[in-house]
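My questions all concern the structure below.
For reference, chains read A, B, C and D in written order, and residue numbers begin at 1 within each chain.
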Amino acid sequence: MEKLYFASDYMETAAPEIIEELGKLQGRKLTGYGSDVISASARDKIRAAAGVPEGEVYFLVGGTQTNAVVIDTMLRPYEGVIAADTGHVSVHEAGAIEYGGHKVLEIPSVEGKIRAEQIGKLAEAYWNDENHEHMVMPGMVYISQPTEYGTLYSLSELESISAVCRKWKLALYIDGARLAYGLSAEDNDATLADLARLTDVFYIGGTKCGALLGEAVVFSKKGRVPHFFTMVKQHGALLAKGWAAGLQFDTLFTGGLYEKLGRNGDEKADRIRRALDEKGYVQEIRNRTNQIFITLTGEKARELSEKVELGFWENKGDQVVMRIATSWATTDEETDRLIELL
Amino acid sequence: MEKLYFASDYMETAAPEIIEELGKLQGRKLTGYGSDVISASARDKIRAAAGVPEGEVYFLVGGTQTNAVVIDTMLRPYEGVIAADTGHVSVHEAGAIEYGGHKVLEIPSVEGKIRAEQIGKLAEAYWNDENHEHMVMPGMVYISQPTEYGTLYSLSELESISAVCRKWKLALYIDGARLAYGLSAEDNDATLADLARLTDVFYIGGTKCGALLGEAVVFSKKGRVPHFFTMVKQHGALLAKGWAAGLQFDTLFTGGLYEKLGRNGDEKADRIRRALDEKGYVQEIRNRTNQIFITLTGEKARELSEKVELGFWENKGDQVVMRIATSWATTDEETDRLIELL
Amino acid sequence: MEKLYFASDYMETAAPEIIEELGKLQGRKLTGYGSDVISASARDKIRAAAGVPEGEVYFLVGGTQTNAVVIDTMLRPYEGVIAADTGHVSVHEAGAIEYGGHKVLEIPSVEGKIRAEQIGKLAEAYWNDENHEHMVMPGMVYISQPTEYGTLYSLSELESISAVCRKWKLALYIDGARLAYGLSAEDNDATLADLARLTDVFYIGGTKCGALLGEAVVFSKKGRVPHFFTMVKQHGALLAKGWAAGLQFDTLFTGGLYEKLGRNGDEKADRIRRALDEKGYVQEIRNRTNQIFITLTGEKARELSEKVELGFWENKGDQVVMRIATSWATTDEETDRLIELL
Amino acid sequence: MEKLYFASDYMETAAPEIIEELGKLQGRKLTGYGSDVISASARDKIRAAAGVPEGEVYFLVGGTQTNAVVIDTMLRPYEGVIAADTGHVSVHEAGAIEYGGHKVLEIPSVEGKIRAEQIGKLAEAYWNDENHEHMVMPGMVYISQPTEYGTLYSLSELESISAVCRKWKLALYIDGARLAYGLSAEDNDATLADLARLTDVFYIGGTKCGALLGEAVVFSKKGRVPHFFTMVKQHGALLAKGWAAGLQFDTLFTGGLYEKLGRNGDEKADRIRRALDEKGYVQEIRNRTNQIFITLTGEKARELSEKVELGFWENKGDQVVMRIATSWATTDEETDRLIELL
C-alpha cells in the first residue's frame, strides 16, 4: 500500500484552479516585473479583500525571502525586530535577518505566541536604560498568524499588540505563511481586514496555502517603504515573470478560493485531532488550524513513520514531538487512512 | 490589429511541455527544498549534459538572485568580483553584489565582452602593488554567455580566460541567463561541457529560455562551496516547493528541448537581422543570438513603438538604441509582421 | 568638596609610564599600520607572556570593534556565535555583530557566566536537528574574562569550555576588556598562558586597564585567519599610526605593569567590598575584580549620586542596581572617601 | 648618516602641544564616549571655525573608518556614492564601503578631481533611464580636499559641485584627511566655512595633520543623521575614551595650530618642488600641498630609496611613480638633506 504523507503542507502542486489558469496563458504576452495586468488584478482583489483601497501589494516568492526583505526594508539600520524565541525568523531562516544586519530581539513565547505586555516591557526597558544608545533599538514586532505551532492570536490579542506597538512606535508585521488555515479556523475571529487595520505590513502566504509559489506582501498605507521595488531587486527577490506569482493570487482571491483551501486543511486536521483524543495521544498544543503536534515514544514514532511520513519537530527527553500537517489538498481518504493507522 | 511585442524574452509563460508536466503533478506528493525525485532527475540530466558526473546542481529562482548567491558564497569576505563595466552585476542588479559586501571590479568591455589580457593585467597590478593589502583582492571573474549585448565568447576566448583565472587563482563564473540562445547560435563553438570544464561554476538560465522560473547552478566539482544549501536559505533563495524549479529543468533537458527553444529565438532573430540589413538599419553590434540592437532617431523610435513594443536600451546623443528580443516562443507570423513594419 | 567618580574604569588618561613613553617619541619616524619597531616589540612581549612564540598579535582600538572584527573574520558567513545573554556582544554593542551578518546565539547565564554543559547541549541540539541546515550553525563561543559582572571563570571551567568547543569544532574566543583585573584578582587561577592554550583567540584589554586606547588580539596559532590585516582595514579598524596602540602594550608589558595596574583596581575594590559588607549593603554578585554591584532603593541611589558618580546598571523592581568600578588609577584617598560616604 | 623619511605624513607622533595637553590630564576624571568637557570644547571651537553654530561634530578614529561610517549612515540602503575612480573609497579602503552594502559609482578623474558636469551627467542618465529602478541610485558625492594627488578644488569648482548635488538631491561629502595642507596651500581659496556651507558633511583630518589619531566629522545641519551615535557604536567606531580624540582637536583648534601645522608641510613641499624643477625631475601633477609625485626610472628609484624612504605610488610602464610626502613635522634640515640627495 502506498505510503501516506502528512509531513508538511507544501508537498503538493498548486490548486487545480491555478494550474488551469496557467494553462490558459499560452501565447499571451505579459510585461515583466509585476507590471502586468494579471498582477494588477490580483493586487486589486487583495486590496478589496483587506479593505485597504490605498494599500500597496507586492508579490515575492517564498516565506524566508519575504521576511528578510520586509524586515530589512522597514527597519532603520540600527533597529532590531522583536519576535518570539520560537519564531520562524528566530530559528528557521538560517540567519537571514542577521544577514541583513538586524538583530532579532527574542522574547519567550507560549505555544508560539507572545503578549502585548512583553513587548511593552521590552520597549520600556530599552527607553528607560540610560545606556540605550549602546543597544539595539526595537523597531518592529514580528508575529505569525497562525504561529509556528498552529495557534492563533485572537482579535483582542492582536488589538493589544497593535496598541502597544503604536505606543512605542514599533512597526507591526504579521507573517501569514499559513494564513488561509488561520482565516478558516473554527476559533478564528480576526479577518483579513483586521490584520490590515492593525498592522503596518503583513503577508498572505501562497506557497503553503495552495499556490505553486508566492507570498503577497500588503502594506496598509501607500508609500510606507519608499523604493521598495528597488530593494526587492537588491535582495534578489524580484521575479522577471512577476505574473507567475500574480496569477496565483488572482486565482486564490477569486470566488473565495483562498479561504476554501484553508478550510479543507482545518477540517481534516479537526477530524484527526478528535481521533487522536479518542485514542489517547498526547497533544500538548491545542489549536484548530492545519498543524497537529503529538508527543510519542521513539519506538512509536519509528513504527508510525514506516507507514506515514510525519514531520520531525523536536526531541523532548526520551520522547519525540512529531508534526502532522494537513493541507488544502488533503483528501478524506488520506485522512481516514491516517486515523486508522494511529 | 494587435500590438506586437519584442521587448524582452520573458514575456510568455513556459514551454507547453513544461506546463503539461506541471499538470500531471496533481495529487502527487513531493518532498521539500529540492529533495524530491523530479529535482534529482533534473540534476542527473544536467550533470550528464555538462559532462560532470560529480558536479553539484542547485535550482534557484531568478538571475540576480543567482548571481548574488553564487558570488557571495564563492568569494571570501575581502574579495571582489571582476566583471565587464556593462555586466549585469555591474549595472542592472540594484547593487545586489554590494549588498552582500563585495565590490564589483569593473573593467572596460567591447560589445559586452572582456578579454583574458585585461583580467591578467588587473590581477598582476593588484599583486604587484605594495599596498595591495589595503585594496579589494580580486577573487573571481564574472562573464555572461551570451553577454548583455547578445555576443558570444568563442571557445578559444573562454579557454584563454579560464587559463588566466587559474594562473591568478580566480574562480571563473559564467552567467548563462540566455544560455539556450548561446548554445544554439550559428556561430557558437562552446558546448555545455566546455563551460563546465573551463569554469568553477556557471548557471543555465531558465526564466528567459522557456521556463516559468528557475536557474540551474552547476558547480563542476563536488564540495566547491561547503554549506551552500544553508547559504541559499540565508539569502532567502530557497524554494519550499523546490520541485517547481526542478521540473522546469527536468523537462528542458529531455529530448533536447532546451537547445530547441534557443534555436527558435536565434532563427527568428537571424531573419530579422537580415531584414534590418536589407532595409538599411544600423546594427552596431553583430551577434547571432536572440537580441538585436538598432540605433534609431527618436522620431522613428516613437513611430515604431506605436505598433511594436521594443526594449529601451540607452540614449545615444540624439538617437536611441532599442532592443529587439526574440524568444523561444516567437512565431513566424510575429516575425513576418515585425519585418513588414520595419 | 569635589565629587567622587566610581562610574567606570575608563575615566582617566593612561598610566604615567605610557604618557612618558609617548613623550619620548617626538622627532622619531615610525612606519605605518603596525609595521613599526615599537609594535613589533610589543607583539614579542605579548607572545612571550602568553607562551605562544608562533602566535599572531594585532592591535585594534576598542572593545566593540575588536569583538566585531574577530567574530566576523573567524566565522564563516552562515555561522553564529554562542554567548551569554548578558554578554557584551549580546546587549551592549548596538548590534555590531549582526551588522557583520552573524547571529548571537544567546544562552542563559548566571552572574555573567555560561557553562560547558550548556554549550554542548546547544551544539548537540543543532547537529541532531533534522532541519539544522535551515538554522544558524554555531561556529564560535564568546566569553568574557572577567565577565560583564566582574566574575571570573576558574581554570577548570575554562578547560571544560575549551574541551567542549574542541569536541564540537567551535572556535573559542575570550573578550579580555578588563583582563588586567582578572589576572590580578585574588581568586584567579587562569594565567595568560592558560588563555592562549585554551582558546583560538582572545584579546588583552588596554582601554579599561590603563592604556589610552587599544586592545591586543592574540591568535594562538599562526595563520588562523588569512588576510586578517585586510579585513581589519575593511572594517575601518586599521590605525594609520599603529604604533600609537603598539606603544601602549609595549609599556604595559614591561616590568609587569599590566598586572600591577590590575592589582590596584582589585585591591581598592576588595576594600570597598569589605566596607559594604560591614555596612550591610546588598551585593548580589560576589567577585574579586574591579566591579561591584550594589542593590539600592531609588532614594538611596539618588542620595549617593549627589556625592559620587556611580554607574547605572539596571532597574530591579522598585530598586536599582548600581555599579561601583575602581580602576588602575583609583587612589587610597578616593577609596577612603567613598567608604566614608557609603 | 641616518636615513631620511618622506614616505608619508603619518610617521611622527603628535604635535608637541597635543602631547603637552595629554600630559596635563593625569589625575583628571573624564566621562566616556565623547560626553566629556574637552570634547565639548573641541566641538565648540570647530563649530566656530566652520561657521556652523548649529552644526554637529563627532570625533572618530581614522580615515577609512570615518568614510565607511559617514557614507553608510548618510545613504539609504539602495543608494550608492559617486566618487573619483582614484578616490580613497574607490581604491584604498579594502572594500569598506561595499562592506556596508553600498556601491561606489566611480567616475573618471583628472589628477584626482571630478567635475560637476560629470556628476550631473551620471545623475541625469540614472533618472532618465527607464530601468533605473533596477540600478543603484546615486545618493551622495564623495570628494577629497586635497585629493589623493594633493590637488585642490577651487572655491568655484566646489560651488559648482555643490549646486549640481543640490539639483539632483545628492548629499555632498568632503574627505579632509589632509585638510590642514589644503587650507594652508598657497593656491587655496576655499575656507573651512566654505566647506561647511557647501557640503552636507565633511571631516577635518587629524591623523595626517599633527594629531595622534582622530578625525572630526562635521554635519553642517543639526539632526542630519538621526541616531548617528548608535550607528558609530554599531560600526565599532565609538571610543570609550572619547576625550582622547577630543583633546587632539581642542588643541589643534587653539591659536590657529591646525593651519600652522599644515603650512609647515606645504612650505617644505614647495621648496622641494622648486628644487625638483631645477634639477629637471618630472612632476606630472602640479599642486601646492604636501604631496609630490615624481616619475623615475626603476634604477633611479632604487638608488634614491637607499638613502630616503619614499612612498611607492604606481608602476607606469618601465618607470615608477614615487610620492614625496612632507608633513607638519618636516624640518628644514630634513628638507635640505632631501634636496641635496635628489
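Note that in this section a residue touches a chain if its C-beta (ideal position, glycine included) is under 8 Å from a C-beta of that chain, and two chains touch if they have at least 3 such contacts.
What you see is a predicted model, and the numbers here were worked out from it, not measured in a lab.
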| item | value |
| --- | --- |
| Chain C reached from chain B - shortest hop count over touching chains | 1 |
| Longest centre-to-centre distance from chain B, chain (CA-based) | C |
| Rounded Å distance, chain B centre to chain D centre (Cα mean) | 42 |
| Distance between chain centroids, defined by C-alpha means - chain C, chain D (Å) | 33 |
| Chain B, residues touching no fewer than two other chains | 77-78, 93-95, 99, 101, 133-134, 230-231, 233-234 |
| Chain A contact footprint on chain D (complex, rising order) | 72-73, 76-78, 101, 133-134, 137, 227, 229-231, 233-234 |
| Sites on chain D touched by chain B in the complex | 77-78, 80, 91-95, 98-99, 101-104, 106, 125, 128-131, 133-136, 312, 314-315 |
| Residues of chain A defined as touching chain B within the complex | 5, 7-8, 10-13, 16, 19, 22-23, 25-32, 61-69, 93-96, 99, 207-208, 212-213, 230-231, 233-241, 244, 329 |
